[in-house]
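Could you have a look at this structure, given as structure tokens, before my questions?
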Amino acid sequence: MLKKILIANRGEIAVRIIRACKELGIKTVAIFSEADRDALHVQLADEAYCIGPASSKESYLNFTPIMSVANLTAVDAIHPGYGFLAENADFAELCAKCKITFIGPSVYAIQKMGTKDVARETMRQAGVPIVPGSEGIIESEAQAIALAAEIGYPVIIKATAGGGGKGIRVARDQEELIKSINVTQQEAEKAFGNPGVYLEKFIEDFSHVEIQVLADNFGNVIHLGERDCSVQRRLQKLIEETPSPAINSTIRKEMGNAAVKAAQAVNYSGAGTVEFIFDKKDQSFYFMEMNTRIQVEHPVTEMVTGIDLIKEQIKVASHETLAINQDDIQFNGWSIECRVNAEDPFKQFMPTPGQIELYLPPGGLGVRVDSAAYPGYRIPPYYDSMIAKLITHGKTREEAIERMKRALSEFFIEGVSTTIPFHQRVLEHDVFLSGDFNTKFLELHSIMKDATID
Amino acid sequence: MLKKILIANRGEIAVRIIRACKELGIKTVAIFSEADRDALHVQLADEAYCIGPASSKESYLNFTPIMSVANLTAVDAIHPGYGFLAENADFAELCAKCKITFIGPSVYAIQKMGTKDVARETMRQAGVPIVPGSEGIIESEAQAIALAAEIGYPVIIKATAGGGGKGIRVARDQEELIKSINVTQQEAEKAFGNPGVYLEKFIEDFSHVEIQVLADNFGNVIHLGERDCSVQRRLQKLIEETPSPAINSTIRKEMGNAAVKAAQAVNYSGAGTVEFIFDKKDQSFYFMEMNTRIQVEHPVTEMVTGIDLIKEQIKVASHETLAINQDDIQFNGWSIECRVNAEDPFKQFMPTPGQIELYLPPGGLGVRVDSAAYPGYRIPPYYDSMIAKLITHGKTREEAIERMKRALSEFFIEGVSTTIPFHQRVLEHDVFLSGDFNTKFLELHSIMKDATID
Amino acid sequence: MIKISEIKELIKVLDASSVDELVYEFENEKLKLKKNVPTFESVPVQTAQPIVTPAIELADDKQPVTVEKVQPDYDYEITSPMVGTFYLSSSPETGPYVKIGDQVTKKSVVCIVEAMKLFNEIEAEVDGEVVTILAENGELVEYGQPLFGIKQK
Amino acid sequence: MIKISEIKELIKVLDASSVDELVYEFENEKLKLKKNVPTFESVPVQTAQPIVTPAIELADDKQPVTVEKVQPDYDYEITSPMVGTFYLSSSPETGPYVKIGDQVTKKSVVCIVEAMKLFNEIEAEVDGEVVTILAENGELVEYGQPLFGIKQK
């Protein structure tokens, strides 16, 4: 087993990883920017070092000071969390060079999945369903026009190096297509240094359903069921749940098998997530992308399976064989996660960094809080706005929702505005309660206007 | 289903009950003494009324104002929690008279189990193993002497109306026996208004193992496994866990069946606990007493069974049939509870009421906090000293313990001394870790001196 | 944020020192402490008015403390000795025991609080004038809840 | 937010002390307590001493505010521009770049911070005298960690 791990991250995920390490008896080294001197992860780790100024680029994204601390504190491994360096193949390569274990898949797997058209092609060859579209990068306008005519409009143009909602454009006819290709290529060149774009059929109404996979270094791959992340605002997930209310047991099984195939295709190792577009009308699903890291929403999977995903990551990185096989996995009840952000839902989700005065997280049966906040904590304006992930578990979807409503009602955060009122309204919304919604939910229903909750 | 419940209690159990009610959509009425005006349960309930001064006798134990509020707020039911009026047959009777449901068993069951010699006799008749001893109250010294000679010394003399460690005496020979009977009778007369005492063989080395039962009003009785509460200081439980490290699966099954028989013998309804003395040497167990209420330590059972005991109490009180039968119950992993009290373990557990300045409960996977504390909360000196119940759940005993250690290390309470350092030492203690200990554990090992933890 | 306990400490330190005034500002926080500087000769003219202790009302957990001077025109409150229903008269047919402006003596019955079908007559316990009625007829009143404001004789 | 109970405590403390006035502001919260003293004519004799504003330093989240006057004998700190290992000399064989008492100029190399096998020479950036060395030879220094105290010219 690994003995000492550097956590190359901040916030709740750094705290989450430190917790798992403590429970495994592994020493922890935290790093922090000047803006995070008082952060909780700094206080909880065995050692902590300031590695640079507030700017992520000069601190959490800066290889040199991180590797310096890793070397000087003699850690065996680096856990990148999510975001920052989590899917950075160069950083993973640097770790390998420095003989430090990067807790994540191989550089090969990161690269294969990190470039969208490569991933798409890899999946196609592995027999994982992909959205109809181009095979690889679009070579010419003529090729794009012919292809779009064949699969039918609307189509979507995606930069192969894109991500997080950037470098994407929809075209509804040939004219738009030509324009979009040019603009997206230029944008992608500028933003990602790679102008390559590809083309897919645009599926407008879909659920975002993803499968958690777990693989060791000896070829064993299992999946831990799905998560439904269809409640999104501008491609940012806000509420996640498992099981998905959108899919049935047949789809669940097929999707799970497809995800395992996807992971096997890149010799995946560790925890990863295969995201799918689920088209309810056709009852069909397509590979969207694979995230080669732990996800923000991993706790809901932990709640229903009882499996500690961070510990599993660490065990796999310690070259242990998976102790569980597919048949051992039991899905128990329902779990929901609400991301409580420092944003004002009454003012277009404007970020509200500042000092948290009163902070009292909810407790009791079936309630889990993953957070790095504390009374008096000052949320810095430089990073993401998440204050806490509130996760509930119940026997049924209804119980998980009722428990979430109860927990939200006793989550006392004063000093900054939060998205708690937003979540409270979603959880009262008939469409959400029905389970019959997709990624357009927040577009179609203006939650903050529709309902009135005091 | 009940529509509105008055919670005749305070502290964490009042909060626990309010939480369950909220999740079931039931309105709640809190009551409070003058000393509890700022208490969390007052803030969380839908309505709250001051019913008297700080003294429990004039507030939480005072029938009249409680029934006044119950009537005037038109509640369907009263939940008594634990302590205070929870096992008060007179109060349960008053509720019945006022046509308000008392959430608990019948007056008959409370009475049968509330008087120790009656309970003993009832159990004997039902075929539940009891400690060898007198059949009913001791009539004369001569009878006691003959009986003690027959079953062998040491013997224990118990006031039939006693409880909580009061009205109990051990005799190691005939001389002590005669003296103890007289003193205990006098004491019991004074303390409980009932001088009756009975006699039992004194089992010195035993584990405290109790079985959680659940029964509806239609004769269905199930058990939810055991809890081991052997870590006690002066008969006060400090750490509880399930499963018990002391018993094997045969004993577990026999004890579960015995507990179901015990509950059936008094037509039990709702949640109750049958406490057993487990003699490891003989691998035998004996009925100790039945608590006709929810217990402080109920959460560990909830963690491994996934069953919300407070909700079950409410459903039974709403005349629902138990939705689960014995075969549905699955025991999943291991759970431990540490009672974090406002006591100074370095000063003979002296109570430390006062203001909590910083309060940050731990979070993350497998951690549950049941508490009524908050930053700035002033712990009044009038009631019990519990600040929080910290409960962890893991796949194994080892994981539950490691998780507890992790959670204790990030439980920040400032302003008052707490028993956190005590728990941290117990959780490092070889004997505790071995699982091979009994109720003498804290007598034999002076935890606060043995180990050094910074 | 400065804690109360810290302010108390500062006051003690100030007391023991020759420092007369302390002003502390940090970001949006400000603390000022000023002493009753006894380093001058003072000729007290008169201290006619009684010291008015400001009435502090905590409206809600989530609202800022408002420190305001309320000058209640009464100096005694009759409070409810129990939880129950508050009645101004013994029955709907009869008039109220007291009205605003009435003079009461210690033994005057001012209202009834009903608890568990028992009608408890509440006495004034002071001599004075009823200045205000603080609870509504038929209302559920708590233990200790103010019912009447009395200006004592 | 300040609680009533805390305000009551403060009033008591104030009563028992020579402090006359307390003003506390934080965000949208304001508390002012003032004693009823000035109703007499006062002839100030002199307030010769200057008002001393104590320096308040919040050492740690968990410790009470300590009010102390720190008078460091240096007025500039050379801080580490990166994480790395701090070396006073370029090799074990050579002497240190600087010692206490040495005069340095802006361009003087004062130490080395090694990061990823790169030896980064750190320059003084001010003219002055080395008053104290704040890190130990061979120590892992953080970004921004003070290394030397300099009394500027």
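By letter and in written order, the chains are A, B, C and D; residue numbering begins at 1 in each of them.
Basically, a residue touches a chain if its C-beta (ideal position, glycine included) is under 8 Å from a C-beta of that chain, and two chains touch if they have at least 3 such contacts.
Model, not experiment: these values are computed from the prediction.
K.L.:
Any chance you could name the chains that touch subunit A and subunit C both?
P.N.:
The common neighbours are B, D.
K.L.:
Kindly indicate the chain pair that has more C-beta pairs in contact than all others.
P.N.:
Greatest number of C-beta pairs in contact occurs for C-D.
K.L.:
Report the chain whose mean Cα position is at the greatest distance from that of subunit C.
P.N.:
Farthest by centroid: A.
K.L.:
Per the centroid of Cα atoms for each chain, what is the distance between subunit B and subunit C, given in Å?
P.N.:
41
K.L.:
Where the CA atoms of subunit C average out and where those of subunit D average out, how many Å apart are those spots?
P.N.:
That gives a centre separation of 45 Å.
K.L.:
Would you mind listing the residues of subunit A that make contact with two or more other chains?
P.N.:
Those would be 357-358, 376, 414.
K.L.:
I need the residues of subunit D touching at least two other chains; which ones are they?
P.N.:
1, 3, 61
K.L.:
Touching residues of subunit C toward subunit B in the complex: what are they?
P.N.:
3, 5, 61, 82-85, 115-116, 140, 142-145
K.L.:
Considering the complex alone, what residue numbers of subunit B touch subunit A?
P.N.:
Within the complex, subunit B touches subunit A at residues 15-16, 19, 22-25, 44, 299, 302-303, 306, 308, 332-333, 358-361, 363-371, 374-375, 395, 399, 402-403, 405-406, 409-410, 412.
K.L.:
In their shared complex, at which residues does subunit A touch subunit D?
P.N.:
34, 38, 49-53, 59, 64-65, 67-69, 71-73, 357-358, 376, 414
K.L.:
In their shared complex, at which residues does subunit D touch subunit C?
P.N.:
Of all residues in subunit D, those touching subunit C are 1-4, 6-7, 9-11, 13-14, 17-33, 35-37, 39-47, 49, 51-54, 56, 64-65, 67.
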